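Below you'll find the structures, each written out as structure tokens.
Two complexes follow with subunit A in common, the first pairing it with subunit B and the second with subunit C.
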Partner chain A sequence: MIAKKVLLVGNFGVGKTSLIRRFVLNQFAEDYISTIGVRVSAKVVQYENTAIKLLIWDVAGTSGDEKIPKAYFLGASAAMFVFDVSRIETYLNIDHHLESIKTLSGLQNITIVGNKKDLLTQEELQLVVERVSVNIDLITSAKEDENVENAFLELASQAIK
Partner chain B sequence: MKKQTEDNKKDNRFELLRELLLVDDREKFAALSEEIILREKLSKRVQPLVDEKIEDLRINFPEYFGPTITETIKIQIRDSQDEVVEALYPIMGKLIKKSIVSEITKLSDSINRTVKEKFSVQQIVARFLKGKNYDAGVILEQVFEPFIEEVFVIEKDSGLLVGNYTRGSIADKDMVSGMLTAIKSFAEDAFSKEHQNLEDIKFDNFQLTIKNFKSIYIAIATSGVATLAFKDNLADTVDNLAEIILRDRSYLSDEVKLNALIERHFIDSNE
Partner chain C sequence: MIPAKIEDVFIQITTNFFGVIQNIIAGTFVKKEFKLQASIYKACPFLEGTLEALEPHTPFLLEGMLIISNSKEYNVDIELFKNDDNITVLIHNRTNVYKFVAQLNQHRNDIFFIKRELAEKNTELEKLRKIADKANEEKSRFLAMMSHEIRNPLNVILGYSEMISDEQINENVKEYTKHLSISGGNLKVIVNDILDLSRIEAGKLELVNSPINLKKIAENCIQNYQFQNKNTAIKLVFEISEKIPKTVLGDDVRIHQILSNLVSNALKFTTTGIISLKLKCSSEDEKLMNISFEIQDSGRGMTESQAFRIFDEYQQNKKTDHSVFGGAGLGLSIVKRLLKAMNGNISVKSELDKGTIFKIEIPFLKVISSEKIKIKKEENFPKKILKGTNILVADDDALNQTIVAHILKKEDVAVTLVKDGLEALHVLKTRVFDLVLLDIHMPNITGEQLVQQKDKFAKENKEIPFLALTANTTPEDLDRYKEIGFVAVISKPYTAAEFIEKIGLNL
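What follows is the complex of A and B.
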């Protein structure tokens, strides 16, 4: 089976871990993760009749001042940047974040996901879409299980490109 | 005085083992040896009985001594938390020590659980072994023969598992391989040690050895008491394996082929 390393990055509290938890069952305890700043989960997805094993690295933080080993970004085939649609500070510097992820990982394309859609009305969401400086690939809710599967399928499709 | 022959020493294996362990638990051992004496009377062939007894000890050690030792360890953990961290995490410990110390209560709980769940004979015995004579070491090595439990061949950057061998079965080996890679990166980052091999990581009931190569690294978990010869042999085997894999890169994309190679390699040369 094809196996791919994929990254989930984004500010603290945007819902990365919640999205993964929706998608896979996790084995490693939270407190452990906070020590080394990453958690790896595995999930097999079917994409266009191919089974792909995703090794999902939930990386805490993207900017240089965090104590995250650069090596976490190496060898990844795709990355998802998650922000919180209800918190402007999580997408305000999105360009900067994306650049640094691209530099660290060597990836060209990054899947952009706005999470916690359940917290906003349709109108408010529309405003967010306009305000975010890049194209949003998917708007999700880990809480209400909306679009979560699709977000990971998109990630899988990026990974095998 | 009768001359001690090799065989005679062998006959006395249990005697020596008893000496090692007796200190704290005279009563239980007295009962055990009484039983043995009784058995000896019934049979002239002592050797099988001794072996059986050692085997029995090995299997039932937790039952015979578990509660006492667990209690001792609990007290030790409470009284010497720093030393316990050092002892349990010789390598990783130093690095994660700070965070562990702050969460030491949680850790001691989990250590206690580990001690209960996966009681490790060789670790306890190793404690008793300190400062004892050489014969005892030989005996214990015979009893706790080292085994290769698992071999992981892992792609360096991505942490993807390219091949593995296991004596038992491991669930989630892909995840374990990823997390191991993350921990390794974290450790290397903390010490800027990229070009050095991490030293052996000792857990309570097995030992992890990591060796770096160009695009892969190999992690080997062993159990039992590793002798120097065993370690040397293991190091050679790992180097040879890496050389074969890196010379013929088709191994890296063919898990079945690689797994067969690993198995041939390790099982033939180490068992």
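What follows is the complex of A and C.
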């Protein structure tokens, strides 16, 4: 079985830990406890008949222009940038953040996920999609378990490319 | 030899390139998690994928990683170094440091979310405030309109009551018309109170700060009520301290309103004894003088709980006093709000069946001598006799026309009556007048439109005084009328005396 190191990055409070908890443990908690440093979880996924052990790095959320330590990206096969669809500041400078992550990680593609879709109406979500300057890969809800599995499968597909 | 305490906070291990532990070099930190020939990835899952990617002979630092031992989480920093044949892994326990980082981080993030929530709530509040403001404006507009609609017929009621009482009538009819006039007067007070309260609530109350003579205002107030009061068992007394200056800066109309309200209240609830109004200086400095006004009666008094609620709106209604004493129970609420706007205060002491004392205190700015001159000039403004003057009256309401004609004819005025603005314009082109009274809401040409067409009038009529005769009495209306060319406004409902006085002042 192949193991792939993948990272979840993005502003604090966007729901990275919640996405991982939902994906790995199928659990969700309303409480917000900020992540310190890195918390690594593992889960085996089947992707195109291949079992992949995803080593998921839950990287502490950043604020503003705060940089993620470059060391975290060593050996990473893929990264997911998570933003909160209900908080504009988490996707306002998404271009800039993605460029920074690509430079630090050396990765060509970053999976882009908008989380907390449960907080917006369909019309509001459409407005967010129009406002975000890049293509969003998936819009998820860790709370209501919507598209979470798909988001990680997308990440896995990026990891084995 | 490394001291035991230091041994406890680190562990140094060597692994092969696939993470298999080859040696435990030093330290005892979570040592039981690491077994020779076992994978380091079990205790350090973050090294899987990382070790393979290490650059040889290059130190590498991973900060803030997590190790779990005996179900306890430890925050660690890891130093890695890849040699030619193995990898050195140095693990430092930094849990104590990261504990504080975690707290600070959590607080920072919590504050962010609280601030965000506050901002959202503020936006929501702002929206609600705008909605409330709009509703309040609508209410004010509605009240102003209703006031206009009430004042016109009220003017007719009061006007005709006055006309009837001037006729040769028997005692019964005299008594009936007196009640008609009193009720009409009460209704006028209620309409004014409702409008005042609405304006204060909407934040539209603007206080004037001009030189005023407090002694004169208080004396006038007492004299008015002395004149109106027919109960000889009540004595009205006025006292003023010598310390009170002749002039201070303030709003005479509102001070009069406050005192009138309190004296009128005292009269309502007193059947025998004394009602006194006393003015004293409570304190002063270079600029300000705090003046206290004490209104004491020997009336029926109140219980403590009644006194506690006395400044709330509609209190009189709740006690079913309305039917006995008239009024909507708004007076004291308005007094309290007016005083608040003047940075003043009011208190009440009362004892059942003994009487009540209202004490108000207002800080007044002292005046400089030049301002005193101004007040004297206003007081000495001359009134002219109406007899023999030519006055044009334009009003589409026949009943109001009749009242005006009746009052003016009694003063031997030559009155010309027209029923709208167009007719008024026609006569103003061809005939000469001394003064013009215009209703505002008239068909064809309104009073407002007409007063702005002076260039079309006969030359002699261009300089004569135009007075608005209207039930629109909001300060905004009054200001506008003055701006467009009216010299004064006679507000409906009016008494014959007020009407004559206003015309006399402007001829």
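Just so we're on the same page, the second predicted complex is superposed on the first by the 140 of 161 C-alpha atoms of A that agree within 3 Å, B and C clash if a C-alpha of one lies under 4 Å from a C-alpha of the other, contacts with A are read in each partner's own complex, and residues count from 1 in each chain.
Note that in this section contacts are C-beta pairs under 8 Å (C-beta built on N, C-alpha and C of every residue); 3 or more make two chains touch, one makes a residue touch a chain.
What you are looking at is a predicted structure, and each value in this text was computed from that prediction instead of being measured.
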item	value
Partner chain in contact with A:76 - subunit B first, subunit C second, else both or neither	both
First (subunit B), second (subunit C), both or neither touched by A:134	neither
Touching partner for A:12 - first (subunit B), second (subunit C), both, neither	second
Partner chain in contact with A:60 - subunit B first, subunit C second, else both or neither	second
Which superposed partner A:51 touches (first subunit B, second subunit C, both, neither)	neither
Subunit A residues contacted in one complex by subunit B, in the other by subunit C	3-5, 36-40, 42, 55, 57, 69, 71-72, 74-77
Subunit A contact footprint on subunit C (complex, rising order)	45-46, 48-54, 60-66, 75, 98, 101-102, 105-106, 108-110, 112-113, 116
Subunit C partner contacts - residues on subunit A that touch it in the complex	3-5, 12-13, 32-34, 36-40, 42, 55, 57, 60-61, 63, 69, 71-72, 74-77, 87
In the complex with subunit B, residue positions of subunit A that touch it	3-5, 27-28, 31, 35-42, 53, 55, 57, 69-72, 74-77
Subunit A partner contacts - residues on subunit B that touch it in the complex	96, 99, 103, 106, 155-161, 172, 174-175, 178-179, 181-183, 185-186, 188-189
